[in-house]
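Next up: the structures, one after another.
Presented sequentially are two complexes of subunit A, the first with subunit B as partner and the second with subunit C.
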Partner chain A sequence: MRTILFLIRKEFLQIFRDRMIGKAIFAVPLVQMLILVPAVTFEIREVKLCIIDMDMTSESRKLIGQLEGSTFFRVSHSTFSENEARNLLDKNRYDLILRIPGGFGRDIGNRNPAAIHASINAINATTAQLSWAYLNGVIHDYNLNIIADNPGSIATAGIIPRTEITNRFWYNENLVYSHYMLPGILAILVTAIGFLLAGLNLVKEKEAGTIEQINVTPIRKHQFITGKMVPFIIIGLFDLALGLALGKLVFRIPFEGSIGLFFLCAAIFMISVLGIALFISNFSSSQQQFMFVAYFFMMILILMSGIFTPFESMPSWAIKFNMANPMAYLIRINRMIMLKGSGFRDIYRDIASLAVLAVIFTAFAVRRYRKTA
Partner chain B sequence: MKRFFGFVKKEFLHIFRDFRTLIILFGIPASQILIFGFVISTDIENAGIAFLDLSKDEISTGISDRICSSGFFSRTADLAGYEEADRVMKSGRAKAVIIFPAGFGREFLSGRQTTISIIADGSEPNTATLITSYASAIISDFNREYTAPGMTAPLPVQPEVRMFYNPGLKSHYMFVPGVITLILILICALMTSITIAREKEFGTMEVLLVSPLKPSQIIIGKVMPYFFLSFINVIVILLLSWLVFDLPVRGSLALLLAETMLYIMMSLSLGILISTFTANMQQAIFISLIGLMLPTILLSGFIFPIENMPKIYDVLSSVLPPRYFIVIIKNLMIKGKSFSYVWKETLILTLMTIVFLGISIRNFKIRLE
Partner chain C sequence: MEKIIEAQGIGKSFGDTEALKNISFEVNRGEIFGFIGPDGAGKTTLFRIITTLLLPDAGRMTVMGLDCKTGYRELRRNIGYMPGRFSLYHDLTVEENLNFYATVFGTTVRKNYDLIRDVYSHIEPFRKRLAGKLSGGMKQKLALSCALIHKPGLLVLDEPTTGVDAVSRSEFWEMLNRLREENITIIASTPYMDEAMRCNRVALIQKGQILSVNPPEKIREEFSRKIFSVKSSEKYKLINALRNFPGTATAYPFGDSVHLTFRDNEQDHSLTGYLNSMGISDATISETRAGIEDRFLELMQDK
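Entry: the complex of A and B
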């Protein structure tokens, strides 16, 4: 036990002797969190609309007025030239072009179906679909107005919905993105730092040759790995606590569940991630090699974890892979504890899987470390 | 000049001698494009959904079957009472609960107003929004079809839509350009960020400094071999995105390659810049990986559109090179535009490259401390 404590003390000294790293460990995650969290949102602020009104009747103006009145669209340009409109769409100045052909008002007056054409920039398919859905909503209202203005005319019953749909969002009533993103972003930063530093630390000893000195001491394999792991678990949890406190102050993120449970999960998670890092670094012979492999795995752990894009939209092989991805469990557990207030009973299976991963990866790291050359 | 080529040769040898790194260097970008191209998507597929059907009649089962057969949702639970809704969402089994009130079908058939409630798990806002809007659309469709025949006269105004650039609404079109941008900058910056730091750490810097090579020659000589390697990477990546993801190259291929070369040049210079002001490899890796990774993923418009962010991020993200390259690559590949649409972005990237290289050369200390 005393040996481990000495090793841990040595590691701490080594980390903080590098002034830049010593500061960066705390400053980088907090600053990045503060800057990045408010930026991350899928919520569409406004769709910029360009209108080609070839009709210029009171009907078409009424439709435009209704679009202007909706909070979702911003009508910021109107033109008569289709080429110009197309060009503006190409340049990303507008998201949607609505063309109202001549004879629009006349058709409505004659009770003929009148057509309008929307051209949407669909490179971002999700946004395009949502804009189209909103546009349809506005036109639907417009239709209802026309029908209401001409009572007894066409197909009233076909349009007025008989089933009302009410929505509610639980756990995050107003769909605040920062509540959803903060735990995840914080987790990524903490992981990245621990992963990188712990791994580099070990390879550095190899490169500098100081690992030989440890190999000839009676330090046992598991003591060595524990000594490399514990400082980064402590630093990681400390960073996490700092980040949460800051998040609470700045973004007013809620914390519904138990803080103890949260840190327990985070600690198990740190062990599993550091296990992977040390395993990789046992394989690598230079810092460069470790860096590339670490980058590869970190990107995979992060982008596949379901933090930025939903878990459900991944192909089934990715979901299977995520059973071995500690990050995926942590992101899920974090959100559950913090936003939903889930207790141990709700998430014990995730915690158990995480613990199994932690044991497996650490065992790999210990086994792979060879004291003999 | 001969000295310079000798130096470049030495750098090439350095890279080729480390065979493992070389394999990693080519393996990583290719496999990441493949993995992320498939995994990163915001479409909803098979989202778990629970039903609380207090009516259990033909209409309510009709609607719930319709919802589940759409491909967006899969039924994970049937609840017996309101109190179970919380449980099923807390354990994460369902992302939403759809509730049919008692007597729903009877009211529906008699033409009275009925209500269906959707309770979605707001702890994942984007999924929650998509789920409610998809489910609502399915329910409205059901409604419309169920209204008595003969009542389906045409609506006064019928909108038509044309989805430009991406008629199939594939999410690849949004994400593959982003993945290319992300991987190129990270891998290029990582490669060069440690080159000078390594010489410092191993003590070989001294040898370089006493040689008659000028700082600019050392820096350009360090960038050159990586430039060739990255170019091979670029070709592999573009081939993969074309063959596997059907990403078209609608614009000029030569221009696309030229722009990509500019972008890797910029990324390599950024790496060199990091390398000149860090004391050892650990610091260089820390900055280039942790400093670049998340800002590039989040602020470049790769997953999260910049237009949706608060105004200030428009300014903040303008210092990030990936933002411009994403615009270039989308314009050239997907929209099929010419140089006149991307000259501004090209100019900015060129300026960045010059600034990065200039500062690195100035920053390069020819004396040991």
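Entry: the complex of A and C
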């Protein structure tokens, strides 16, 4: 026990003596929270619209007016030339071309179904889908207006029994994107610290040759690995607290659940991530090797975790993979505790799985660590 | 005499390279045992086996009565190892490094201060300095202090004086001698032949094999031929001329002279004339005693 404490003390001495890392520990959560949380958003404003109005009737102008009135669209160009519109789309100047063919107003006047044609720039699939959804919303409103304006039209419109859906978004009522992202970004923060700092630390001992001196001492494997883990768990939890405080102060993130449970889960998560990192660093003989492999590991863990894309829409093999992805558990747990106020009983399955992963990965790291050259 | 190390037929390969071939030797308690050989001879590999960092592929080795394969845990408590490369923490101070290793071995600096006093007193004034900022000689003293702090029965020093100035080297060997008097057995490797003279016994090692194990004086005596020291102000020209001289058996540079042996062992007096004809007029030739290096080169040639 004395040995472990001394190992931990030594690690802290070294970490804070390194001017760069000593400062980065404080700076990283600040920068990450202040930049990533507001920047990473799926809310789209100002879809740039190009209109080809071949109809030029009051009906078509009403539709355009309605689009302009929406906060999502900005009609930034009107033309009669389809070639010109296509060209501008090719040049990425517009996100959406809406073509209103001649006869649009006449068809509506005659109470016939009218057609319009939209071309959407799908270079970014997410933007395209959202633009499409917003456009549909506006046209839906426009249709309702026609019905309202022409009480006698589409003969029975008024009396068709209809189901109106009104909805309420639970746990994040206004769909504030930062509330959704922040718990995930906290998880990334902790991962980066655990993975990179701890992993590089061990490889550095190899590069400097200090591990050779350590290996001839009676230090036991588990003591050595514990000595490498604990300092980074403490730093990780400290940064997590810092990030959380920022989220509270700057982004007014709700925190419904138990802070203790939140940190307990984060600590279990850190053990599992440190296990992976130390396992990889056991194979690496240079910091470069470690960085190269660790980078891909981290990318996979983060991108598959469900932070950006919903977990449930992934293919089934990916969902299975995520059973071994500690990040997927932590992001879910974080969101549940912070936004929903879930207690231990609600998420004990996730916590248990995370704990199992922590034990497995750490066992790998200890087993793989060889005290021989 | 009590044996501290007994090695029998040790072999170790890395892939296709045979680093050690059938190595056998014994080290007695309380002696300074030197391994002398060029780079790549297998010294470091052998030391790693002795310190339980590597397992041999073949052979048996007991260190202080413990098998180096099965008794490694007990052995690590009782070996002080100083790797060839400075392996302490650069970003910890002198004092922190020493305290760290003392704690890791479950002891304290105070408890064993007497043992390291002689070495550590040289660097104690710099105890607040980062180890990475020490000079070569001071690093080496710190490394030795750390290797000694748990009072090991066996001290293993892998090229301890490489990269250290001549004065510090000489000082270092004096310290080792005093440690030997404290009944600590020391094995050290070195590429410097002059340091071999400071050992009680020396093993000449070459290409993973031990060529000879003897006290250094004995090794010098083993040299079987008459050897001459030739000096001239134009050393480079001299050695080329000597090597071209028909009566020459071997000619090796040795400090500021060339060590020369003749084909028929006796001095060939036509040499002076030959050197004169080659434009070397100030050459002096005198018979001398063979050094360890001469014997080493002779053994290598016999192979």
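In the analysis below, the second predicted complex is superposed on the first by the 329 of 373 C-alpha atoms of A that agree within 3 Å, B and C clash if a C-alpha of one lies under 4 Å from a C-alpha of the other, contacts with A are read in each partner's own complex, and residues count from 1 in each chain.
Note that in this section a contact is a pair of C-beta atoms (placed from the backbone, for glycine too) under 8 Å apart; a residue touches a chain by one contact, two chains touch by 3 or more.
Small disclaimer: the values here were computed from a predicted structure and weren't measured.
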Exercise. Would you check which partner chain A:L200 touches, where first means subunit B only, second means subunit C only, and both and neither mean what they say?
Key: first
Exercise. Identify the partner contact of A:D18: answer first if only subunit B is touched, second if only subunit C is, both if each is, neither if none is.
Key: both
Practice problem: Between subunit B and subunit C, point out the one touching more subunit A residues. | Solution: B
Exercise. In the overlay, answer first, second, both or neither for which of subunit B and subunit C A:K10 touches.
Key: second
Practice problem: Name the contact category of A:V216: first (subunit B only), second (subunit C only), both, or neither. | Solution: second
Quiz item: For subunit A, what residues appear in both contact lists, the one with subunit B and the one with subunit C?
Solution: 18
Practice problem: Report the residues of subunit A in contact with subunit B in the complex, numbered from low to high. | Solution: 18, 20-21, 24, 28, 32, 35-36, 38-45, 63, 89-92, 108, 111, 113-130, 132-133, 135-136, 139, 142-143, 146-147, 154-155, 157-159, 161-177, 179-180, 185, 188-189, 192-193, 196-197, 200, 204, 285-289, 291-296, 298-300, 302-304, 308-310, 312-315, 318, 332, 335-336, 339-342, 346-347
Quiz item: Contact residues on subunit C for subunit A in the complex?
Solution: 48, 51-55, 73, 76-77, 79, 81, 83, 85-92, 96, 100-101, 103-106, 146
Quiz item: What residues on subunit A touch subunit C, complex-wise?
Solution: 2-3, 6-7, 10, 13-14, 17-18, 208-210, 212-219, 371-373
Quiz prompt | Residue numbers on subunit B that touch subunit A, as the complex places them | solution = 18, 20-21, 24-25, 28, 31-32, 35-36, 38-48, 86-87, 89-92, 95, 108, 111-130, 132-133, 135-137, 139-140, 143-144, 147-148, 151-167, 169-171, 173-174, 186-187, 190, 194, 198, 278-283, 285-287, 289-291, 293-295, 297-299, 303-305, 307-310, 313, 316-317, 327, 330, 334-335, 337, 341
